[in-house]
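One chain, chain A, links the two complexes that follow: it is found with chain B in the first and with chain C in the second.
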Partner chain A sequence: MTERPLSPHLSVYRMSRYTLLTSILNRATGLALSAGLILLVYWLVAIASGPAAYRAARAVLSRGELKAVYVILLAAFSYHFFAGIRHLIWDTGHGLERTQSQRSAALVAIASILLFIGLVWWALHAGGRAP
Partner chain B sequence: MSLRSPLGKVLGQGSAKDGVHHWWVQRLSSVALVPLTVWFVVSLLSLPAIDHATITAWIGQLWSAVFLILLVITGAWHSQLGVRVVVEDYVHGHGSKALTLALVTFFHVVVAAAGVLAILKVALGGAR
Partner chain C sequence: MADFRLPANSRIRKGNTHRAPAGALALRTFRIYRFDPTSGENPRVDTFELDITGCGPMVLDALIQIKGSIDSSLTFRRSCREGICGSCAMNIDGLNRLACTTAMEDLGRGDIHIYPLPHMPVVKDLVPDLTNFYAQYASVKPWLVTHTPPPPDRERLQSKAEQEKIDRPAACILCACCSTACPSYWWNSDRFLGPAALLAAYRWIIDSRDEATGERLDALEDPFRLYRCHTIMNCTDVCPKDLNPAKAIAEIKRMLVERTS
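Let's turn to the complex of A and B:
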């Protein structure tokens, strides 16, 4: 059993390949968003627990370290959103040729960077109210 | 007439025709999450403030509560499907894999249940 090669077969991949990078990024951002779901539910439960509990939760949620987490979550959402749409298009059987796939990978990168910048800008200008 | 038992006939016969189920619900939930996440981000960033009164008033609106509940359920479902695949790929050994998968499932159910109940409580005016 232990002789069998087990995933992740990190040593056999060329890590610089865009196919590997886009795939592993989709997975990593998905995991980050799973963690974000916990934050969302924590926030919802705090609201449901009344004004005093919500004030206490806001004190926790507006800690400096968590600001970095929000930035990561916005970036993860921006990427996972467009990479997911790319996967949905693939599932219809379209865009699977190498040149099309390279083009869509570039499109996903550009779109997610633009969305990320837009979201950060909007979050900062939405009344200066980090949670 | 065959003397083979009904179980003997189907053992090793392969597909029970639900092989694409995981794939399909992953796609179904991702399609649903496109409008739901866009709605959530736009709504949240459009709120004039994020104090308790503003948020409860927002969740108190029928469609806000409906979409929020759908977002939490669909998000937890999609997350569970995704994390499951990662565990299946990277956690080796039957025992630890089964245990991790069970914990992942339980955890997502708890998160979804807590989220939905919290939204319902606020929507029904129980958080004032």
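Let's turn to the complex of A and C:
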């Protein structure tokens, strides 16, 4: 008798199900934001180190490639923010019925897209201007 | 721990194809996971073309038809054929469900893919080993625990409202659709109790007659047994009885927080 095989899981389960999509997306955006913190810390350290260090950091942080990273981080933030609120509400024991969680998943998607558009608009117009 | 790849003895190889005889009226193609423990070979996926003329409407009807007319070695659990025994739980077209309450018509026109419940040791074909699942159920003491003597002249009574609280959680049929749909359970089934056992625990915690509520909560206050639940919601999504293990788990977590404050 051979050892029992393990039945397939990730390879057969329907990954496009909203439950899995929202969970994976929440984790992925959380990871992205954690990685993005490195940039924020670098910026803060530069501020604390004086004008010369800040000028050097500013030159690095204004590079085009990093601007693309900021757009990704804004998208990650937009999703993670609302998904986090959804989880907070769940932790109070509310919104856990099947139809409620389907509706809140859609709501989070719509809200995060709107917030993302708003943040990008703000970055390009108001926030993007040099002080 | 999370291991995304299947072990070497579990990787699926190409299987056999059973073509329908010419002149079939209504064909459906089934791709079914097969594992023969006596062969020493890896699992495979066999293709069955079945003429469903005269066959019942449910996936279970088709499985019985395949076993009866094409391959008698096809192995699966079934009993009540009406969604009350929980025996025929399996992964059908990517979701865990009961074969007996899943209509073929509702699965679209394409091939129907059937696998055993995910991330479980396979005994044979569609039969998973549920030993650990049942042991976890037993570990939550799914029975009434009392410290006071019962009333001498009658049963321990409940109000209608008290009974209604446990109506839904008590309707669990232990089919394991929920637990085996849960990624946290996939990666940590050795230490995480899983949605089915936790739903059962909740059913006894909120039972007005039970006198071991504190002990029950103590037993669950553990980073793995309870808190591996990250509210993915796959359990509630797939429950064939429309129960809500995710909500039960959230309620247990809430009770644990509330008793410390």
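Here is the rule we go by: the second predicted complex is superposed on the first by the 116 of 131 C-alpha atoms of A that agree within 3 Å, B and C clash if a C-alpha of one lies under 4 Å from a C-alpha of the other, contacts with A are read in each partner's own complex, and residues count from 1 in each chain.
Going forward, a contact is a pair of C-beta atoms (placed from the backbone, for glycine too) under 8 Å apart; a residue touches a chain by one contact, two chains touch by 3 or more.
Keep in mind the model is a prediction, meaning the values are calculated, not measured.
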(request) Figure out whether A:S49 sits in contact with chain B (first) or chain C (second), or with both, or with neither. (result) first
(request) Have a look at where A:R14 lands relative to chain B and chain C in the superposition and call it first, second, both or neither. (result) second
(message) Contacts for A:I110 in the overlay, against chain B (first) and chain C (second): which applies, first, second, both or neither?
(response) neither
(message) Touch test for A:L33: chain B only (first), chain C only (second), both, or neither?
(response) first
(request) Considering only touches as defined above, state whether A:D91 meets chain B (first), chain C (second), both or neither. (result) both
(message) Just to be sure I read the superposition right, which of the two partners does A:V60 touch: chain B = first, chain C = second, or both, or neither?
(response) neither
(request) Scan A:L6 for contacts with chain B and chain C and give back first, second, both or neither. (result) both
(message) Is A:A126 touching anything from chain B or chain C once the two structures are fitted on A? First, second, both or neither.
(response) first
(request) For chain A, give the residues common to its interface with chain B and its interface with chain C. (result) 6-8, 87, 91
(message) If we count contacts the way the header does, which residues on chain B are in touch with chain A in the complex?
(response) 27, 30-31, 33-34, 37, 41, 45-50, 52-53, 55-56, 59, 68, 72, 75-76, 79, 82-83, 86, 89-90, 92, 111, 114-115, 117-119, 121-122, 126-128
(request) Would you pull the chain A residues touching chain C in the complex into a rising list? (result) 1-14, 17, 19-20, 23, 87, 90-93, 96-98, 101
(request) Write out the stretch or stretches of chain C touching chain A in their complex. (result) 4, 6-7, 9-10, 12, 33, 35, 37-38, 40, 42-43, 91, 93-95, 113, 115-123, 128-129, 181, 183, 186, 230-234, 236-237, 242, 244, 246-247, 250-251, 253-254
(message) Give the list of chain A residues in touch with chain B in this complex.
(response) 6-8, 27, 30-31, 33-34, 37-38, 40-41, 44-45, 47-51, 54-55, 58, 77, 81, 84-85, 87-88, 91, 119, 122-123, 126-127, 129, 131
